[in-house]
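I have a structure here, written as structure tokens, and I will follow up with some questions on it.
We call the chains A, B, C and D, going by the order they appear; numbering starts again at 1 in every chain.
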């Protein structure tokens, strides 16, 4: 296995008496989709918060592209190429979809302490932003204010913003949450398209999507990773079955 | 985070008022030009603990106008009242408005020195005469003297030096000094020390708005001085005298300037009985002008006049004499200045004339608080301490 | 901006004022004060409307600028080309010093901490015995401009204030459209998303706070020259309340709203106080009604009228 | 600085602290439960003082003034709440600050119109008029000790009310999560009215007690208001316990700072500038303490907000 893009070792996080992340360790290989699945309340979002820097772990380390980022806040990890989306969509409502993406491009194109030239007129930023929107099929809605987009479109914009950062690793927190059948279909196509060019850590609840997309799967139950393996092995693993797949018969 | 929406409901109250307001402000200026009268900007504090002093000043001037049946040197007098609220920035704004919008011819009044300092330049530099009826700081008596400035009261230092002389005469060796922390307060200490050669046990400066003296009274009790010298005008004096008596310190002679006078005695009552003060005027002075002034003032305003009222009454008489001398021609500044310098009027203090720096040259008396037969309280002259005294700063004034 | 004609109309009116028979001296004094307050309100708009930082201590920036003029005047330095930059720098330094702590907080704590620093500046000014303390300080005269006493001339001072106000509005607009402004505006709406793409909002807010401080310092310098008298009350928290009211009265939707709000505030205050001594009795409720009902502010009014006309 | 003087200033500090607590208590509850910044709370304190003073002179007795002023300030609080404040609960803090700032302008001027600009006098009750000798040669006014006692008693009563009663539980719950309390079927409107009226009365009570020792004049509420805000931010917004501790702290810092500092500076400077600088730094001390606490513990000493 090539040098992992992300290594998590001995990660622990407690809220009061509850161990939400209990000694979690796993590695994500570059390229392809590594999915993290688990029942509701397994601590998926808390885990992704600790990987992205939104939350500080109590113990353990997070190494990204060979560098220990455990102590770095969200914005520093983002600058290193670790982009994340949010379970509850988080966009800039007053900005157009294009300007949302352009902000992400701006973050990686030199200093933003420039006070005179209008940013909206910088062709290079707009072109890269439009490319990101195009990748998620949102080019047509570029001028619309983000606040006026539909729920599905906002999920696509979240993805576009992450892509606009030209990340080395994408942390996607339930991108399909709340999406209708044909929106889910479209998002899965997009993710399949992205699989070749980006390493993706996908936290998802929708089983069909996970097994259609994932190259490797880690199963998180009550804050502990009980198995990390190829999809076929995970489907056959009795412990996973009992803890998680037991009640949800997989087609 | 700022959830202010863009949709409005009401029309624009603000925008519509714009034209109406522009019209109102510049209409007023034109009215005065036709009438043959003299407009007086009367600056008197009407807000806060010192409001009583402003009221005295205003009533004194109005009493003067009553005796001149509303005319100054033949011109109908119109008063523009200005409440400085004992805040220099308020005084500057309102005086500027009176000068530029209401076009007042003379500015009269000002109880406190810090207010006078704030409005000195705006008034005198606009070519308008400023006649202070009370504040007389040393800053404008010496090098800073000004041809457009007169005062009918005194130089602050003088009155305090009289009390310094009285303390020296009475043989006090150790005196505790306590004054408010502003220009006139610092002048008081300088004036007192200029003639008192004994030891100043302690020098305490309290904020102008102080009302509770418990900490300072404890210090006085602890240091056991031969006498206290203090200068606490208006509300400050009311609280100090009452708390001084309450704290059982009345045994220590209370030498004061502008602390126990007719403006504060109604509130101090018995607490001030026997306390000393120094002044150039007292209600019981025997001369025709004063007897008539005190009698008519108490008749029209129902309280005993203090120096603040007497000095603004004199200012009205001064203006009347000067305007009559120039035959009502307010435009001729130099002629009017000479007429004012002549001070050709009968002062309630008996003798009154101006020194080279336009500060008065007058006698000073040691006074004591006494209870009148009718139960009211007033200060009464004990003995003359200085005769035709010129203030120490006059020599430095080279008025062009 | 669909409604560009409104700011142009306001500036045209101000430019024409001295000639349209309104040359009466006193009115130019009011307009000068209105434009100076407009400059301070514009700088506050950058914070409230641009960065979403509600400061209840902005009058302290004005005061620091004014006291810079006093300090230089006391040291016999009265050349405006020196005094103005020093006043702006002094206010900007004060802004950075206090902003470094303030921008780490948000919401009501930011309001409270700016109020606290404003009060500290107010009491410091009151303690400067050398500059008159509570009694305030009378300037020897207005600053000279390039050695000449131009500022004494009402017309020159009127157009100087107008020019600086226009520059501040245009500069503010350009600042908000720049790369820096984009990050600032984004952080106002969604700080978490701005961090997720790689920006930490604090430095941008601090720079905005310093720029707003500097411009308010310039307004302080002009105010000191207009009134030729500076007192600690320039920094009182009630004055910061007035500035916030001007921004809201003008309308948060547009930068030029702050100018409109300031003009309406000063002219209303002057008109009412000329009509009655108890003008605050009317002014207070007007402020309450403006906050409750005038959601879009004065700048939003043409839009409202246009919508009513279309609907009617 | 003799021990006697230190004791006097210490007591002055505690007594001012207690007054501050009575104003801050209402402010922190209204703020905590309704997330509503009410700059006009200082005006309730002023109204209490004015009503107390004029009713006392009307009825000829301090106690008459006090007993009549309390319901009057409660009524004025509810009227203001009905007229202006209830429209502001769902608005953002900027609108609340400005609207209540308008109310201050109005009421400060209205008081000037109704009672005139000169300060009112209010005599303390006769039985508390004299001084009590704490130490040989050191007298301390009995009335100030009475204020301290009354304030502590009210604080105790309030603590019992908030910590031990059903209504208190509702108020505390409201302070942490008002939406949840509403969801549980509690008529949140009535709770707000209750908290608001009670807060106004507490501030009015502080005003009546302060009237005899401080000057009753227009605008007297503004200074106390700022200090009350400092208190609730230091104590933790919504926490009555925090407000109590912080109020005593601010009271002590304010009075000891003002009296000790000038004497300390006297060692370095001349009398007059020392006094001025000392007083200014003394009054700045409180804000420095607040800025420090906000920087270190942004949620205050006893954070309540969920």
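The rule we apply is simple: a residue touches a chain if its C-beta (ideal position, glycine included) is under 8 Å from a C-beta of that chain, and two chains touch if they have at least 3 such contacts.
This one's a predicted model, so the numbers in the text were calculated from it and none came from an experiment.
K.L.:
Using direct touches as single steps, what is the fewest number of steps from subunit A over to subunit D?
P.N.:
When the steps are counted carefully, the minimum from subunit A to subunit D is 2.
K.L.:
What's the farthest chain from subunit D if centres are computed as the mean of the Cα atoms?
P.N.:
So the farthest one, by centre of C-alpha atoms, is A.
K.L.:
More contacting C-beta pairs: C-D or A-C?
P.N.:
More C-beta contacts join the chains of C-D.
K.L.:
With centres defined from CA atoms, tell me which chain sits nearest the overall protein centre.
P.N.:
Smallest centre-to-centre distance to the global C-alpha mean: chain C.
K.L.:
For subunit A and subunit C, let me know how many angstrom lie between their CA-based centres, rounded off.
P.N.:
44
K.L.:
When the C-alpha atoms of subunit C and subunit D are each averaged to a single point, how far apart are the two points in Å?
P.N.:
Result: the chain centres lie 31 Å from each other.
K.L.:
What whole-Å value do you get for the distance between subunit B and subunit C if each is reduced to the mean of its CA atoms?
P.N.:
37
K.L.:
Whole-Å distance, subunit A centre to subunit B centre, using C-alpha means?
P.N.:
Subunit A and subunit B have C-alpha centres separated by 77 Å.
K.L.:
For subunit C, which residues are shared contacts with two or more other chains?
P.N.:
Residues 48, 54, 107, 133, 248, 286 of subunit C each touch two or more of the other chains.
K.L.:
Which residues does subunit B have that touch at least 2 chains other than itself?
P.N.:
Answer for subunit B, listing residues that touch two or more other chains: 1-2, 4.
K.L.:
Could you pull out the residues of subunit D that touch at least 2 other chains?
P.N.:
If we look for residues of subunit D contacting two or more partner chains, we find 91, 94-95, 112, 272, 276, 279.
K.L.:
For this structure, enumerate the chain pairs that meet the touch criterion.
P.N.:
Inter-chain contacts occur between A-C, B-C, B-D, C-D.
K.L.:
Along subunit C, where are the residues that touch subunit D in the complex?
P.N.:
It is residues 48, 54, 56, 101, 104-105, 107-109, 111-113, 115-117, 119-120, 123-124, 126-127, 129, 133, 237-238, 241, 244-245, 248, 278-281, 283-288, 291-292 of subunit C that touch subunit D.
K.L.:
Okay, in this complex, where on subunit C does subunit B touch?
P.N.:
Its residues touching subunit B are 22, 24-27, 29-30, 48-49, 52, 54, 106-107, 132-136, 138, 188, 227-229, 231, 233-234, 248-249, 252-253, 260-261, 263-265, 267-268, 270-271, 274-275, 286, 289-290, 293-298, 300-301, 303-305, 307.
K.L.:
Which residues of subunit A touch subunit C in their complex?
P.N.:
Interface residues on subunit A, with respect to subunit C: 52, 54, 73-75, 78-79, 83-84, 86, 90-95, 99, 102-104, 106-108, 111-120, 122, 161, 165.
K.L.:
Okay, in this complex, where on subunit C does subunit A touch?
P.N.:
For subunit C paired with subunit A, touching residues are 174-175, 177-183, 185-186, 189-190, 192-200, 204, 207.
K.L.:
Under the stated contact criterion, what part of subunit D meets subunit B in this complex?
P.N.:
Residues of subunit D touching subunit B: 2, 4-5, 8-9, 12, 91-92, 94-95, 112, 117-119, 121, 131, 137-141, 213-215, 217-218, 259, 271-272, 275-276, 279.
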